[in-house]
Structure formats: C-alpha cells, structure tokens
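Each of the two complexes below includes chain A, the first together with chain B, the second together with chain C.
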Partner chain A sequence: MTTAGYEGTQDSMFLKQLKKTFLDWSLFRKVMSFVLFLVAWSLIVIAVDYFQQIPTPKAVLMALFDIPFTAILLHIAKSFFRVLAGFFLGILIGFPMGVAIGYSRVLKCLIFPAFEMIRPIPPIAWIPMSVLFFVHIESQIVFLTFYGAFFPIVYNTMGGISEVDIRLPRAAMSFGLDRKRMLMKVILPAAMPQIFTGMRLAMGITWILVVAAEMMANKGGMGYYVWYNHTVMDYPHVVLGMGIIGLCGAICSIGINAVGNYFTRWRRIF
Partner chain B sequence: MAAALEASEVVFNKVGKMTVFKKRQTVILKDCSFKCERQKLTVLIGPSGCGKTTIINLIAGYERPDLGEVLIDGKKVPGPDWERLVVFQETALFPWLTCYENVMFGPLARQVMSEETAHNLALGLLRKVGLEGFHDKHPSQLSGGMQRRAELARALINQPKVMLMDEPFRGLDAMTRKLMQEYYLKLFEENNATHVFVTSEVDEAIFLADNLMVMTNRPSRVKKEIQVDLERPRDWSIATSKRYLEIKAEALELLHEEALEASKSSEKVDIDLSGFSQAS
Partner chain C sequence: MTNPAAEALDRDFPYRHPTLKDKIINQNTLLSVISIISLFVLWWLLVHFRVYRFSLLPSPAEVLEEGAIWVQTNVFWFDTLATTLRVLVGVLAAYLTAIPLGLMIGWRKNFSDLTFPTLELLRPIPAPAYLPLAILLLPWQEASVAFIPFIDAFFPVLLNTITGVKLIDRDYFRAARCLGSSPKQIFWHIVLPGALPSISSGCAIGMGIGWMGAVVGEMITGKWGLGYRIWESYTLTRYALIVDGMVAIGILGFASSVLIRYLTVKMIPWRRAITEALDESITQ
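Up next is the complex of A and B:
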C-alpha cells in the first residue's frame, strides 16, 4: 500500500498529537476539580453564618507556615512507626495463618469458626481490653493497628487460596508436585492478586486505627496532634493535621500498590 | 521427538461414579465399560453434561471410581501422574509464567532430565506448534489458538503414555478450530501415545478418531463403539468421502436418539440409584 491519499491524515495526526500535549482539556478539568473544591469550601464558610467557626482554605494554608517543623515531623514519624509495625506484624502472623487455613481443611475447621466469632467486633471496641493485655501504651497502639491489619490479611489470603482455579493445581499434580512445592509454585502465585488486595485493605484500616488510638492515648502522633488542636480550639491546625494524615495514608497505599503491582505484574500485560 | 514413546492401554470395567451435592445424589457413570487401545485415538462423544469430563478425571487420577475399576495397562490408576496428562477445557496454563516457562514446568518439577535436555526439547516443541517467536509471552498475550498449542506443548514435553484431551478446542472460532484439529492430528500421528479425546462436535470427533465412543445421557455408558477406518494421515478433504458421511449419519442418528431420550425423561433424571446400594 502506498501513502498516496494519506498526506492529509498524517498532517492531522501531528495536529492531534499537538492538541493532546498542549490543549489537554481533560487535564485542565482535573486541575479545575481541585480549584472548584477550594472555591466551594471558601464560599460556604464565608457565606453561611452557621459555618463561621470552620477554617477557610486560606487559614489552613497560613497554619502551614507556623507549625513547629521538627515537632510535626516527630508526630508523623510516630504515626508511621505504629502503622507499619502493626501492618508488618499483621503480615508476619496473618499471612502464614491465612495460608494454613486456606490450604488445610483440618486447620480451617479448627480455626475459622472462632475467627468468625471474633471478626465482627470492631477493632476500636478492643481499646479497653488492649490496656489489659499490654502495660506499655506504645504496645497498646501497635496491638490495635496489628489487629486491624490481621483480619483483612488472613481472610483475603485464605480466600485467594481457596479460589484458585482447580485445574491449575490439578495440572501441577500430574507433573508430580508434592503439597509443599505445589504451595510455593502454583497456589501462592495464583492467589497473589487477592493476597495483595488484603494488604491494601489492611493498610487503610491501620491508618484509621492509629488515629483513633492516638486521640485517646496522649502519646503523640498525628491523631494526637489533631485532637490536641481541637482541645485548644485551633481549627486551622486540626484541618491541616487531617490533611497530613490523608497524605500519609496516600503515600502508604501508593507504596503497597507498587509492591503489589510488582508481584502480580503478569496480570497487567496483554 | 527424540525418545521412543510408550503408550498405555486404558480400560474401564463397569465403572460407576456418583456425586452427592446438597444431599442430592447424581449418578454420572453407571456400568461404563470401554477400552482405549494402545497408540489409538479414542474419541468420546455425547450430550453435554453426560460425564465426559468425569471420565477424563478418572483416567487422570483426579477422581476415583465408586464402583468398578479404571485400569491402565491392567493396573488401577494410583493417582495423578505425568504418564497421564490432561489438556483442559479453555486454558489452564499458569498465567504468571511465560510460554516457555509453562512448557518447562513439567520437566523442572519432575527433575527426570537435565535442564539442558529439557530446554532443547522445549525449543523443539515450541517450534513444532508454531510458537517460536512467543517464548517470552505470557498466556494473556497469546490468542486462544496459541494458548491451546502452548498447552499441548506443555503436556507433550513430558512424553506421557496417555494424553487426555478434555474438549480442548471448545470456545475457539470455527477457522482456528479446524486449524487446531489438523495441528493436533499431525502431532498425534507423529508421536505414538494413547489419546483420549472428549468432544461434543460430531465432525471433530470423526475427523480425529480411530475409535468413536458414543455416550448415553446420564447415567452415562458407551452406547455404541464405531470404528473410524478412514486412512491416515488425514486432512479435512476426507469430510466429503463416502465412508465419512456414513459414519457421520450413524453417529448423528445415535446422538439424536439420546437427545430425544433426554427430553422425554428430563423429570426423572438422576433418580435411578440401583447398583449404588453397596457404595457410600
């Protein structure tokens, strides 16, 4: 085929590319989304008497400049430590447990019913009991974040394993894999997407719990920062603290997504 | 392929199989007896849901018969084994492995040959099934026909004594399906394993078969065995030969009877449990 008759098309292809790069309306609209949100927020606060106490975006921005820098870094570090400690403890204990329950019918019968009884209790309801379990406040908070991470990891690992297409282990069985090698070479790779779904959920829950726990514990951290500023009626800093918590949560979920995508990269090639 | 292949003989001797699901018993096979001869291609054809896949699972060793026995060279099936490999419906390739890694999976798992031997075998087989440029592709990157060929290669590299084909070409479009059938037949005619092929397509069945077993509805058994004495090697030009059309007419007649039977007795299916009193 010759290109005769296609010159015009090529030209418009170039224009199309140009438009795509410099006149990207969808990008513009996405940016506008933030702007509109901030404008709406400001307008509501200014126009509606009832919301007078609520800080405007501008007030929050100004608050950013008068926070004690090292102090806030310390709060962030504390929250991060508690989240990650709970999260990794959750993986350390929850993942093998999920594998055991998912892979062995005997263990499932032994463990699963008791789990089902405990699971509906919201983790926050465990706060008083955690005081009984642990003397150290730091351990109480980490216990709570661990507890929040534990169930999503156990359940999704278990679910991922029990939902593996039966033909895959069957094929592998014919190739002479024993149970242990079957687990490593077939079951876990096949279950990996759902295992990471569990970890993503767990990461979200640990952030919820760390904030709740820190609000009660008086031991620093971003939850404490928000609560403290609430008690001194400094609401711009409350909102700023909320924003920082959101940012931290987003960073964690981007991190876990990146790791998850790496381990399940075969799912994204077509 | 390099090594001389052995083939096994598969015998079903009055096999009975039933399942219990939510207290409802279903007899899948009853008094099912037939023989798949060494180095022949036996095709099982029957109405959908008549238990053809169960027969494959019994030979592969994934399930055990409730009554009777399934014999491989005179011995009961001990369990899943590389000697009897299944090519499943749709694809059962490992999606996280590349095409090449999938083919290498069996040899590496069994550790019966050196990695180099396996590597050379894999390259040869992939070339043979026309996947030479696709070693590093994952199953999701291959077309349906390519996936089926990769799966054929994954099984063939182990040099099984029995190849079990469980409606392997279902879901492929008509053109690809015909090509795959010719491909598969070429592979079969070159290597001498015993093949058991399950299908619900009459043309596919006759084109491939040495022996054609027409199955009844559930509870399933062999209704009639038809010798397909068309000469090999075959291609699709035989589809117009007189003998082919005779066989096709006979097979269709038998299948039609079964279909009528099924529609007549649809409400009393699954009730006859005699012969299963001593089981379970």
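Up next is the complex of A and C:
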C-alpha cells in the first residue's frame, strides 16, 4: 500500500462524507415526489379539458387566504371533539373489556361470540339506528365514533394479551409475582405494541365515520364544510377542506404514535 | 416403561383422544351459545319493557317478520346485487393498482422515494371526503359510489404489500444476485411470492373496509343499494327494515372477507403460519 493510494482513499472518504451531508439524493427524490405531484396535478387540470373543473394547486392556495377563519376553527374543533370523545369512550370501555376477555377464558366464551355477531356490520350502517335512539346530534355522532373505535380496540387488546410469550408470565410466576403485578408489569407492557396498533386503526376509522356522519347531518364539522362547499360548487374549498381533514387525522395518529412510543419504550432496549 | 409412577398414572387415568362429542359439547360451546342467546334476549327485553328510548327500536320478532317479507321481493335482490357490484369493482380496482405499486415501492428505494411521500400525504384523508371530487370527476354516478370502496381499500392493501416486501429475508436477494438472476427473475421469484402472504391479509382487510365505503357512498348519494335502503327505511319510519339491512350488509361483508381469506390461503400454501399471525395482528 503506497502513500498515494492511502491518500486517495482518504480523499474519496472525505468526498463521500461531503456528498452525504450536502447531496442527499434520497431526500432530493422525496422532495421531488411532492413537486412532481403538484406539477402533474396542475398540468392535468390545465391541459385536459375534461378535468377543468378540478381546482389547480394555485386555486387551492388562493382559497387558503379567503377562508372564514373563525368558522373553520369552529368546524375543526367540532370534528376533533366528536372524534376524541368517541375514541376515549372506546378506550374507556373497550380496553378493560379487551383485558378481561384476553385474561379469562370463561369471559371470552361468554362475550366474544356475541361480539362476533355484531362486528361484521359496518359502523356506518348504524347511522339510522343512532339517529333513532339518541336525541342530541352530538351524542348520535359520538355514538358512531365510539362504535367504530370500540371493536379495533377490544380485538387488538385481546389479541395482544393472548399472544404474550408464555415464557414471560412463567418467569414472572417463578419469581413469585402476584396476579395484579403480573398484569401491570408483565402482561400489559408485553401486549402494548398490539394495543396501540388497535388504537391507530380505531383513530383512522373514527375520522372516516366523523366525516361521513357530518356530511349527512348538516350540523357543522369538517365533513359538513366539505359537503357544503360541494353543494355551492366551491371546489377549491372542497380540496382545502380535504387537506385540513387529512392534517387533523395525521396530527391524531402522530399523537397516538408518541404516546405509543412512551408505553412501548421497553422495545428500544432490544 | 420402567417408571412405576408413570405406569400407575397411565393405568388409573388412561389418555383418551377427544372424540367429536367432546369437541362439540363442552363448556366453551355452552358459554358461546349462552352468549348469543343472551344477546337476543337482552335486545328483546329492552324493547319489550321500553327501557329509555328502546321503545322506538324494533323487536327481534318484528325484524324477522319484516325480513322474511323483504327477502322475497325483487328490491332486496336488486339492492344486494348493486351493492356487491360496487364493492367488487372498487375493491378489485384497489387490488389492481395497490399491489403492483406496493411491490415496486417495497422493492425499489428510488421508486419509493419518488412516490411514497405523496401517498403518505394523501393517506390520512378519509374516503368520504373524496366523495365531492369523485362526483365531479366521474360522470357516472355508479362510478363515484364505487370510488369510495376503492380509496378505502387502497391504503390497507398498499401498506400490507410494502410490509410484505420489506419482511422478505435480505439473503434471498443476495443469493439470487450471486446466482446471476436478472431483476425480472428476482421480481417474479422472490418479491412477489415473498410478499403474497402479507398481500393476502391486506386484501381481506381491504374487502372488509370496502363494504363500509360502499355503504357510506350509497347513504350519501345513492339511488339504490343496501346502504340507501336502510337510510330510506329510516325516512319512511320502517324501522325493522333498517335492522334487516344492517344484518344483510353484515352477512355479505363477513362472507366476502371469509371468501377472500379462504381463496388466498388456498393460493399460498407456503408460509401459512405467517399469514395467520398477520391476520391476527391486524384485525378489521
């Protein structure tokens, strides 16, 4: 190995490092992904006659400046309230139920078959029943979101608990843990990843339900905002509304991920 | 056998294979039957004794009566056919687009960088929010209703396909490259078969969500179909028919999910264990 060759490798290493820090092609492509999407969208709308009613990205951006600001904040707050109320009710009732079903065979046999009878009915199909049963519009929508969140949470909690590696409770038992600590320190932490999978699913379904219910209900919320702008043919605001709904959904799932990371922090050790 | 204690145990408590009777009649089955019966009894009691607003809801007997009449009409069969076709068209379109896209995204880093961020941007938008655009874009109303199951099914199938490709052992790719495989061969012999178990569970999930999407679309803009029928029954105050519609949708959705699962398990005899594990980890 000559000195020149050695210096050469040094040089290329340095260049590599430089490229890594300043010329991240992967990041560049990721940014290009959005750019290409926007360009393709505008080109299609401008060039193809058939799509001319679709708003261009520019029109959507312009719509951003003339939104009724307080009204839209109210819509967002309403949607958020409905989603979160249903979601937390779902956790409040679904989580203990899932733990009970996952923990006890008798309870599982007693509750599970009845659930299996109800579960295939999509939550949306409960809208008429919910309208019939609940007097107040908020409770109608919250019932729907609750119902949508309930089954994913129960099923994943149950699945998570029944799939805990049997060696963990056995080891804990041989250390003489009592039942309560076994549940809190061994079984629940081990089941947490799947419980949070269920919560993420539940959050996705609640947003679908809230938008569908608001579209039908005419009582405010982002779904209503989108549908109202559709009826008055204000399509830039429709797209904007979709974007805001997507953003709200993304914020919710990021929040769940953050909480989930905290509860499954034992995973980082491995 | 030399262990006297084990011999004594075998003599006193001989092992008996569980017979069919043991499998059918046991505590679990008994409890399950009690569970299902108590569901209906509870429903009947709540309606019969007019607890709170349950007096408005139909009783099981009314639902059965109305349902028996409804099944005999042509309307029922027409609605069922319409909804099933919408779901099938939407979900199959989702399969046809999401599976190739997912395979490419999972396999090719460059392709993934170029497409996946945009898809991630669109993913949190719930399917019903696309409805106004679908109505605007698609001239035919049937197509705009089928668009919602398409969007609903697209993302679960896509994400499961990507996960399926990512879960393939890297050594398979290395081995194939060592043996001089072309990218085409790698795709057909490693990427596709390796991802199929995960794709199949994605397809089952997509089918389940697709039913929900079709019902949403029909309730909001439909002129016929099961979702429209239950909403119409509400406005016509034929409340028993609402429950019948819900039951019909439930049965059809369940049957189609089971069918998809059965077909895919038959098609992919390898790594069945992995499919089952995935199925259990991602319910609904």
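By our rule, the second predicted complex is superposed on the first by the 253 of 270 C-alpha atoms of A that agree within 3 Å, B and C clash if a C-alpha of one lies under 4 Å from a C-alpha of the other, contacts with A are read in each partner's own complex, and residues count from 1 in each chain.
By our rule, a residue touches a chain if its C-beta (ideal position, glycine included) is under 8 Å from a C-beta of that chain, and two chains touch if they have at least 3 such contacts.
Fair warning: this is a prediction, and the values are worked out from it, not measured in the lab.
Chemist: Touching A:G220 in the superposition: chain B (first), chain C (second), both, neither?
Modeler: After superposition on chain A, A:G220 lies in contact with neither partner.
Chemist: With both complexes superposed on chain A, which partner does A:L168 reach: first (chain B), second (chain C), both or neither?
Modeler: first
Chemist: First (chain B), second (chain C), both or neither: which does A:I208 touch?
Modeler: second
Chemist: Look at A:P236 in the shared chain and tell me whether it touches chain B only, chain C only, both, or neither; answer first, second, both or neither.
Modeler: neither
Chemist: Pick one for A:K30: touches chain B only (first), chain C only (second), both, or neither.
Modeler: second
Chemist: Can you tell me whether chain B or chain C touches more residues on chain A?
Modeler: Larger number of chain A residues touched: C.
Chemist: Which residues of chain A are in contact with chain B in one complex and with chain C in the other?
Modeler: Touching chain B in the first complex and chain C in the second, no residue of chain A appears in both lists.
Chemist: Per the contact definition, I'd like the list of chain C residues that touch chain A in the complex.
Modeler: Listed in rising order, the residues are 27-28, 31-36, 38-39, 53-54, 56-57, 109-110, 113-118, 121-133, 135-137, 152, 211-212, 215-216, 219-220, 227, 230-231, 233-234, 239, 242-243, 245-247, 249-251, 253-254, 257, 280-284.
Chemist: Within the complex, which stretch of chain B touches chain A?
Modeler: Going by the criterion above, the answer is residues 60-62, 80-82, 84-86, 88, 92, 94-97, 105-106, 109-110, 138, 140-141, 158.
Chemist: Looking at the complex, which residues from chain A come into contact with chain B?
Modeler: Touching chain B from chain A are residues 165, 167-168, 170-177, 181, 185-186, 189-190, 192, 264, 266-267, 269-270.
Chemist: What part of chain A is in contact with chain C in the complex they form?
Modeler: Contact set of chain A toward chain C: 26, 29-30, 32-34, 36-37, 51, 53-54, 105-106, 109-114, 117-118, 120-129, 131-135, 151-152, 155-156, 159, 163, 194, 197-198, 201, 204-205, 207-208, 211-212, 215-216, 223, 226-227, 229-230, 235, 238-239, 241-243, 245-250, 253.
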